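The structure under discussion is supplied below as C-alpha cells; questions concerning it will follow.
Read from first to last, the chains carry the letters A, B, C, D and E; within each, the first residue is number 1.
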Amino acid sequence: MNPNLNLWLIPILPLAGAAINGFMGKRSSRRAVTTVALFFSGAAFAMALLVALRFSSLSLPYQEFFAHWIRSGSFSADFAFYLDQLSLIMLLVVTGVGFLIHVYSVGYMWDDPSYYRFFSYLNLFMFFMLTLVLAGNYLLMFIGWEGVGLASYLLIGFWFTKDSAASAGKKAFIVNRIGDFGFLIALFLLIEHFGSLNFDQVFGSVMPLSAETAGAGLLTTIGILLMVGACGKSAQIPLYIWLPDAMEGPTPVSALIHAATMVTAGVYMVSRSHVIFERAPIALTVVAIIGTLTAFFAATIGIAQTDIKKVLAYSTVSQLGYMFMACGVGAFSAGIFHLMTHAFFKGLLFLAAGSVIHAVGGEQDMRKMGGLREKIPWTFWTMTAGTLAIAGIPGLAGFFSKDEILWRAYQASWAYWLVGVVTAFITSFYMFRLWFMTFFGKYRGEDVAHSQGGNSAHDAHGAHGHGGIHESPRVMVIPLVILAVLSVVGGYVGVPGSLGGNNRFDKFLGPVFHGSAPASGQHSGMGEKGAPEQETEGPEPKTAASTELTFTAISVFAALLGLGLAWLLYYKRPELPRKVADSLDGFYEAVVHKYYIDELYAAVFVKPLIDGSTRILWQGVDRNIIDAAVNDAGDGAKHISDRARHMQSGNIRSYAGWVAAGSAVVIAFMIWMGVR
Amino acid sequence: MSFHLILFLAFGAVCVGGAVNLLAQRHPINSALSLIAVMAALAGEYLLLGAEFVAAVQVIVYAGAIMVLFVFVIMLLNAGEEEETKGSRIAILIGVPGMLIASVLMAWVVLRRSGTESVEIGALPGPPTDIAQLLFHNFLLPFEVTSVLILIAIMGAVVLASKPESRSGKVD
Amino acid sequence: MVPLSYYLLLSGFLFACGVVGFLIKRNIITIFMSIELMLNGVNLSFVAFAAHWHALSGQVFVFFVMVVAAAEAAVGLAIIISVYRTRETLNVDQVNLLKL
Amino acid sequence: MGGGGLGGSDRIHDLDGSAMNTDGFSSIILSLVTFAPLAGGVLLMFFPRRDRDIRIFALVISLLTFVLSLHLPVHFQRSQTDFQYEIDRQWVSTPNIHYHMGVDGISLWLVVLTTFLTPLCVLISWTSIHERVKEFFILLLILETALIGVFTSLDLFLFYFFWEATLIPMALLIGIFGHERKVYAAVKFFMYTMIASVFMLAAILWLYAHTGSFDFVVIRDQIMRGAIPQFPAAAQWLFLGFFLAFAVKIPLFPFHTWLPDAHVEAPTAGSVLLAGVLLKMGTYGLLRFNLGLFPEQARHNAWWVITLALIGIIYGALVAMVQPNMKKLIAYSSVSHLGFVVLGIFSFTQAGLNGAMFVMLAHGISTGGLFMLAGLLHERRHTYEISEFGGLASPMPVYASSFLIILLASAGLPLLNGFIGEFLVLSGSFQAKAVYGILAATGVIWSAAYLLWMYQRVFYGKVTHSANNSLSDLTAFEKIAIWPCAAAAVVMGVAPIVWLGAIDPAVQAALTPFTRVASKMVGQ
Amino acid sequence: MTGAVMIARPMFAIFAPTLSRTLPQSADYVRILPEIILSIFGMIVMVLEPLLDEEKSQKVLGWIALAGTLAGLAATWLIAQYPGMAFWNTVQVDGFSVFFHVLVIACAAIVILTSYEYMAVQRIRAGEYYALILFGTVGIALMSSAIELVLIFIALEISSISSYVLAGFRRHEASSAESSLKYFLLGSFATAFFLYGVALMFGATGSTNIDQISKTLQAGSIPLLAFVAVAFMFVGLGFKVAASPFHIWTPDVYEGAPAPIVGFMSTAPKAAAFAVLLRIVFVVNVPGSFWLIWISAALSMTLGNVGALVQDNVKRLLAYSSIAHAGYLLVAFAAAPALGTSAAMFYTAAYAAMNLGAFAVVSHFANAGERYVTLEDYEGLGRSSPLLAATLTIFLLSLIGIPMTGGFFAKFYVFSAAVKANLIWLTIIGVLNSGVGAYYYLRIIVMMYMRESRKEVPVIPIPFALRVAIASCMAVTIYLGIFPSGTLQYAQDSAQQLVRQASPEVPASPPVATSPASL
C-alpha cells in the first residue's frame, strides 16, 4: 500500500499562487507578489523533491484519486493522478526549471507595470503543466494540455498593446487547437474502444493486443492522431509555425514555456502513450519522420535568423524534432533524456539570451550586438556552456542525449541518422554563429541609451534606462549558473554503455518503457529495435559498442565542423556570410523568410477561409440566400397583398361581379356534386 | 297549345321583354316603366297559378307603391341618362359570363327535374281567407316581426333622407 | 297544362336579368331596380312551387318578400338620396372613395 | 364529441407515485417558482413610477425566485428518473387540459438556469434602462414566468401555452428597448417563431385528437404501447411539425437568420435571456418531445438533422469569425454552439445527450455572460462594432479579464463549463458515427479562432479611438452582475458532476426507447 | 305613416287569435321574450327621443337602451329555463339559440356603451341610433332561434337593414354614405340569392321549416334542386359572414361605417349569420357543402390575412382580419358536426369579445370625424396613453391567438376540431395563416410601442361608459383565455342538442384523403 503523497497539492499550489497574485496582486507591492510567486512555485518544487525522495519506497505506478469530475453513463474521468518514473522526471524538470525561471523573472520583469500579472500567469502555467504531467487519465492531461496553451497564450500576449504579440498569442492558441483537434479525436477513439481514458485501463486493454503490422488499424489511427496533437503542442511540422512567433513573449516565458517545458509536452504525451505507439509501427514511423524532418528543416531556418531569440526558437523546434525522432524509433527514454537535458541547456540559452537583451537594452538583433564577452562575463560563460551543450560537444549534457538518439536512430534506419548528423552539424553552426556574433568582434549596436526610443517596448527593460551595457542582477545570474552547471553535468545521469557508463537514466525509466512492447515484438517495425537491445544490454557485443563509438565520433566531428565553419564565417572573416548569401540568392532569401511557410499558410488557409466566410458564407449564403429568401417571402406576401388589394377596386359592380362569379362557381360545384 | 300555355307565354313575353328592356334602356325612368310592366305581367302569371291574393298585392304594393317610390326618387334626384363609364371590367369579364353559365346550368337543372311535371291553371287558389289563416297562425311570428322591419325601414329612411345640416350646424 | 319548368325558367330568367342588370347598369337606381327584378323572379318561383306542392305557404312567403322589398325600397332610396347629397352623382362607378 | 374528456384520464403513473416527494410543498414548489415572477410583474403594474423602487423590487422578486428554485435541485432525488415535484390538476375539462407540471433531470437545470440569469438581467439593466423602466421589468418578469413554464410543463397544451407566451414579452423587449433596427428585428423574431410554432400546434392537435389527452406522459405511453392505430402513418409529419418549431427556436441552420438581428437589436437583458434560455427551449423541446414521443422517427431523420447541426456548427463559426459586430459574432457563435446541442441529442448516446444538456447550460451561462459584457461596452460607447474598439485591456483590465474568462468558457477550455458539454457531445456523436464527431470537433478550432480574434481586436493592441481611453472599468455593481457568471462557468467546469448527477439518469431514461428501437431494428 | 303601422300591428295581434284555431300560449311569448323586451325598449327610445332635450337625450336614451339590453339578457336567462318550440315551430329555444342570444345581446350592450362617447363626439342622432341597434338586435337574436326559413329571412333582413342604416350614420361623411350604399346594394343582391335558395329549397322539399326540410331530405334521395338551393343559400349567408369569395364588400363597408357600428356589424349579425349557417349546414346536410366550406374557409383565411398585410387604415385592417376570422370559423364548420359546432360557437364568442374591444378602443381613439384611424396615428400610443395601448394590445394579441386570451382557445378549439375530423391540410393552411396573420396585428403593436409619435394626436380621457365596455370585453377575453371550460362545455352541450335534433345519424365524416398522414 502506497502512502498518500497528496500529489494534488503539487499543481494546486501554483494555482493558489496564481489566484492570489491575480486577484490581489494589483494592490500588493512587488515584494509581496514576488514572495507569493516564489513561495508557491518553490513549494511545488519542494513537494516534487519530497516525492522524489520517497520514490524508492513506492510501488509504481502510484495512483491517487482526488475527486470525481465527469460522469456520463459508464464513462468517467476523474481528478486522478498518476505517478511513475516518467512523470517524476517531468515533475522535477518542470518544477525545478520552472522555479529557477521564476527566480530569474523577478529580476527580469521587475520594472514591468504588470509585474503581478506576469507571475500570476506564470504560476497558472505551472499549475496546468503539472496537471498535464501528473494526470492519471487522458482527459485530465487534456486539461493541462489546453491549459498550458492558455497560459502560453496569455504570456505570449503579455505585452498586449503590441499587435505582433497579441497576434502571436492568438496564433499559438489556434495552431495548438488544431493539434488538439487530433488529440480529441484520438480520445474519442479511445473512449469508443476501451471505454475509458484512464491510463491504467487504456494501457491495460492495449497491452494484450498485438502490433498492427499488417496495416493501419485502430492503434495506428490513435497514434497518428495523438501525434497530430503533439505536433501542435511541440511545434512539429506542419504546425511548428507558432513557436517562432511566440518569441514575442517575455524571454523568461520563452525559456520556460517555449523551450523547457510546455513544448515538450508532446514528447511526454507520446512517451506516455508508448504502449499504443509500440503496437502501431506506422504511427511510430510517422512520428520518426516528422521528428527527423522537423529537426532538419527548422535547423536550416535557424541559420539565417538574425533575431537572437528566433535562432533559439528554431533551434528548439529542431531539438524537439530530435526528441520525436527518438520516440519514433522506439527510444522513448532517449527522447525523455534529451527532453531533460534540453530543458537545462535551452532554458539556459534563453535566459542567457534574455540577459544579453537585458544588457543591450532590449535589442534582439544579433547584427547589432557583438563583443559583449567582457561586458557581461557571467552571461557569456553560462551561455558558452549552453552552446557547447546544444552543439553536442563531448562531455556536456547535450552530447550524451543527442548521441543516444542518433545511435538509436541509426539502429532503426541509417536515413534518420544521416539527417540527424547533418542537423547536428547545422545546429552546431548556427549556435556558434550566434555565439560569435553576440560575444565576439566589435559591438555593432548603437549606444544603449539611445535605443530605447524605438522598438524598445519589446522587452521590459526598454522601459527604463540603466545606461550602458551591464551585467544582469544577481537574481538573474544565479539561475543562469545553476542551469549552466546542469547543462554541463546533467548528461552524466545517462552515459550510454558504449562510453563506459551504464545508462542509468534508461534503466530508471525502464519500468515504464520496457516490458510493454507487444508480445510478438520480434518482427519488423520500429519499436522492435529498442526493446530487445535493452534486454541484451549487460553483455553487449563489443562490435555494437565499437560501432556506436564510431558513430559518436562522426557526430562529434560534425559538431566541431559546425563550430569551425561558424568561426570562419563569423569570427575570422565576417564579410564572407554576405557573399555566401548573395551567391545563394533565392535560396537564402527563402531561408531568411522561413521558406515562406507563414505566407503559404496565410494564402492557402487563412485568407481563403476569411474571404470565403465573408463573401460566400456570410454575405453570400446568409444574407443573399437565406435571409433574402426570408425577406423575400415577407416582401412577396406584401406584394401579393398589394396585388390582392386591387380586387378591392372600390367599384360596386366589380364587387357584384365577384359575387356573381363566385356564386356561379358555387352553383356549378353543387350541381356537379348533386349529379355525381 | 292550351289556353293556359298561351296566357303563360303572353305574360311571359311581356316579362322577358320588360326585363330585357330594363337592361337596354339608358334612362332610369324607362327602366322603371319596364319594371312595372314586368311586375304587372308577373301578376298575370300569379293569377294563372291561382295566387289571386298575391297577384293583387303584387299590383298594389309592388307595381303601385314601390315603383311609385322609385319613380318619385328618380324625379326627385332628376336622374338623367346614365353615362357609359368604364368602371368595372370585372363585372363584364367575370360576373356576366359567370352568371350566364349559372343560368344555363340552372335551366338544365330545372328542365331535368321538372320537365314532366306540370301545373294546371289556378292550381292552388290562394284566397285571402286561407292566406290569412296561414299568416295569422302558422306565420304569426314572422308577420309580427315584419312590423319591426317596417319600423326600421321607416326610421332608416327618416334618418338617411333627412338633411344632415339639421344637426351638423353645430359641428365646427 | 303548362310544365312547371316553364315557370321556373321564366323565374330564373328574371333573376338572371336582375343579376346582369346589377352588373352592367351604371345608375344606382336602375341597379336597385335590377335587385327588385331578382326578387320578382324569386317570387315567381315561390308561387310556382306553391302550386306544385299545393302548399299555400309559398304564397305567404311572397307576401313577406314584398314587405321586405318595400322596406328595402324605403331604406335603399333613402340611402341613394343620401349618397346623391354627398357625391352629387348617381353613377355607381363614381362612388368609389373606399377602396384597396 | 366531448373530445378528450373521456380518453386520457387514466394516468398510470399517478398510481405508483408513492415514491415521489409527495408532501405539500413539493407539489406547489414548481407553481411557486413559475408564477412568482408573474406575480411580481403584476404587482409591479401597480407601482408608482419610481424607477429605483421598481428596480429593487424586480431584483428582489427575481432573487426570491432563484432562491425558491434552488429548492428543486437540493431536494431532487437523483436516482429517480420519473418526473418530480409533480402537480397535476385539471385546468380545462374540455378539451382535457391539465395543469400538469413536473421536472426531471433534464428540465430541472434549465429552470435553475432561467432563475439564475434573470436576477443578473435585472442587475445588468439597472442603469442601462432608464426609460419606461416599469414596463421593462414587468416584461422581464413575465418572460421569466413563461420561460420557466416551458420547462416545467408536462401537458402539451400547457407547454404550447407557455411557448407562445414567451414570444410577446421578448418581442416587446426587443421592439421597445432595442437599438436602431429594433422594429425589424422584433417583427422578424416574432414572425419567424410564430409561423414555425403553429406547425407544432398542428402536431399537438393531432396527438390530442387521437389520444384524447394532452398529457405528455399519457401520450408517450400510448405511443409506446402502439395504442394509436393511425400513429405510424402520421408520425413522420408530427415529428416534422415539432421539429420545425424547435429548429427555428434553436435556431438550426438554415432557420437562424432571425437570431443575429434579434440579438444585435435587443437590449442586453433581452439578449441574455434570448441566448441563455430562449434558444434552449428549442433544444429542450427536441429532447423532450421529438425524442420522447417519436423515437423511431428521430432515428430515421437523424441523418439530416445531424447534417444541419454540423453545418450549423461549422457555418455558424465561420460566419461568426468575420462579423464586424460583436453581438452578431456572439449570435452566430450561438448558432454554432446550439449545433453541438442538436448533434448531441441526435447522436442518441448517453454521452451525447449528457453533453447536449450540459452545453445548453454552459452556453446559457457563458453566452449570457458575453452578452452582458458586450452590453456594458455598448452602454459606454453605444456601439457594438469591433472596429470601434481596440486596446481596451489597458483602460479596463478587470473588464478584459472577466471577458476573457467567459470567452474561454465559451471557447470550451477545459476546467470551464464549455468544455464538458462539448467534449461529451463530441464523444457521443463520435460513437454514433465517427465522421460526425470529427466534423464537429473542428468546431473546437473555429471557436478558438473567432473568439480569440475578436478578443484581440477588442482588447489588445493600442487604444486607437481616443474615446476608449477614458472608458471606466467595471463598477462594483457591474461586477456583481458579471462575476456570478464567471464563477458559474468555473464551478460548472470543475464540478460538472453536480449537474451531470441529475442529468445522467434522466438522459438514460430518455434513451430507453432508443435501445428498444435499436434492438427492434437489429431484430429486423 | 309611422304611427299607422304602430297602431295597426297590435290591432292585428288582437284580432289574430279570432282567426286561428288555437291561440299562442304564454310559453310562446316567453320564448321570444328577449325580442319582445328589446322591441319595447326600442320603441321607448324612439318615442322618447323627440320629447327630450337634445343635449340630455343622448345620455338618457343610451342608458335606456342599455337597460333594454340588460333586460334582454335577463330575459334570455328566463327563456333558457323554457326550452322548446314556439309559434308553431317557427322558433326554437335551445342551448344553441340561448348561447347566441346572450352573445348578440351582450354585443349590443357593449356597442351601446361604446357609442356614448362616439355619439357625443360625432353628433349622431341618438334616438334612431339606439332604436336601430335594439331593433337590429331583435332581428339578430331571432336569426339564431328561428327554424323557419321565412322567419330567418325576415330576421336577416331586419339585421341587414338596420346595419345598412347604421353604416350610413356618419351623415357628413361621403365615405359613410358610400359604405352604406355598398352594403345596401351588395347586401340586397346577396339577400336575393339567399331568397332564391329558399325558394328552391321550398321547391325541392315543399317546406320552409328547417326540421321539416331535414326530415324530407333524409327520407329519400336528395333532389338536385336541394343542392342548388344550398348553393344559393350559401352565397347569401357567405356574404353575410364575409366568407370568401363573397367577402369583398367588407373592407369598404367597415372603413366607411362608424367605428362602434363596425364593431357591432362584425360581431353580432355575423355571429347570427353563422348560427343560421350552422343550422343549415348541419340540418340540411347535403354532400358537397363540406367542400364548399372547406374551400371557402381556406380562401377566406388566406385572402383576409394577405389583404391585411399592407393596410394602413386600422378599421380596414380589422375588416380584413374579420374576413380571416370568418375563415377560421368556417374551418370549424368543415369539421365534424358536434365538435366543430361547439368550436365555432366558442369562436364567435371569443371573437365578439376581442373584436368589440378592439373597435371600442379604435373608436375612442379615432376621435371626432374619425380622423385618427391610420397606423401612423397609433405611433407612440404606448407612451401617450399606456392604458389604452395596453388594452388594445391584449385584444390584438387575442386576435393573433396568443395564450391567456380567448382568441387562443378559440383558434385552438377550431383547429383541434379540424384535426379530429382529419382535416389536416385545412388545419395546416389555418395555422399557417394564423402565423402570417400575426404580422399585421403586430404592426399595430409595433406602432404603439416601438415608434415615437410623429403626429400630434390628442389623447382624450376615456369616459366611464367606454371604460365599462372595454373592461367587459377584456374580462371576457381573458376569462375565455384562462377558463374556457365552462363556455365550451355549454357550447358542446347545446351543439350536441342541435346535432341530435338535426340528424339522427351523424353525417359521414369527410374524405380521409385530406390527411397527409394517409398519403
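To be clear about the criterion, a residue touches a chain if its C-beta (ideal position, glycine included) is under 8 Å from a C-beta of that chain, and two chains touch if they have at least 3 such contacts.
This is a predicted model, so every value here is computed, not measured.
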| item | value |
| --- | --- |
| Chain whose average C-alpha position is farthest from chain E's own | A |
| Top-ranked pair of chains - ranking by C-beta pairs in contact | B-C |
| Chain whose Cα centroid lies nearest the overall Cα centroid | D |
| Centroid-based (C-alpha) most distant chain relative to chain D | B |
| Chain centre separation in whole Å, for chain D relative to chain A (CA means) | 38 |
| Distance between the centres, which are taken as Cα means, of chain C and chain B, whole angstrom | 5 |
| Where chain D and chain E are represented by their mean Cα positions, the distance between them in whole Å | 43 |
| Intercentroid distance (Cα basis), chain D paired with chain B, Å | 68 |
| Residues within chain B bordering two or more other chains | 87-88, 91-92, 95-96, 99, 102, 106, 109, 113, 138-139, 142-143, 146, 149-150, 152-154, 156, 158-160, 164 |
| Chain C: positions in contact with at least two other chains | 8, 18-19, 22-24, 26, 31-32, 48, 50, 52, 55, 57, 60, 64, 67-68, 71-72, 75, 79-80, 82, 85, 92-93, 95-99 |
| In chain A, residues with contacts to at least two other chains | 634, 645, 648-653, 656-663, 665, 667, 671 |
| Chains grouped in pairs wherever the two touch, ordered by label | A-B, A-C, A-D, A-E, B-C, B-E, C-E, D-E |
| Residue ranges of chain A touching chain B (in the complex, touch as defined) | 649, 651, 653-654, 656-665, 667-668, 671 |
| Residue ranges of chain B in contact with chain E within the complex | 106, 109, 112-113, 132-133, 136-156, 158-160, 164, 167-168, 170-171 |
| Interface residues, chain C side, partner chain A - complex | 19, 22-24, 26, 31, 92-93, 95-100 |
| Touch list for chain B against partner chain C, complex | 2, 4-5, 8, 12, 15-16, 19-20, 22-23, 28, 31-32, 35, 38-39, 42, 45-46, 48-51, 53-54, 57-58, 61-62, 65-66, 69-70, 73-74, 76-77, 79, 82-88, 91-92, 95-96, 99-100, 102-103, 106-107, 110-111, 113-121, 123-124, 126, 130-131, 134-135, 138-139, 142-143, 146, 149-150, 152-154, 156-161, 163-164 |
| Chain A residues within the chain D interface of the complex | 22, 26, 67-75, 139, 142-143, 145-147, 150, 153, 157, 160-163, 165-167, 169-170, 173-174, 177-178, 180-181, 184-185, 187-189, 191-192, 609-610, 612-614, 617-618, 621-622, 626-627, 630, 634 |
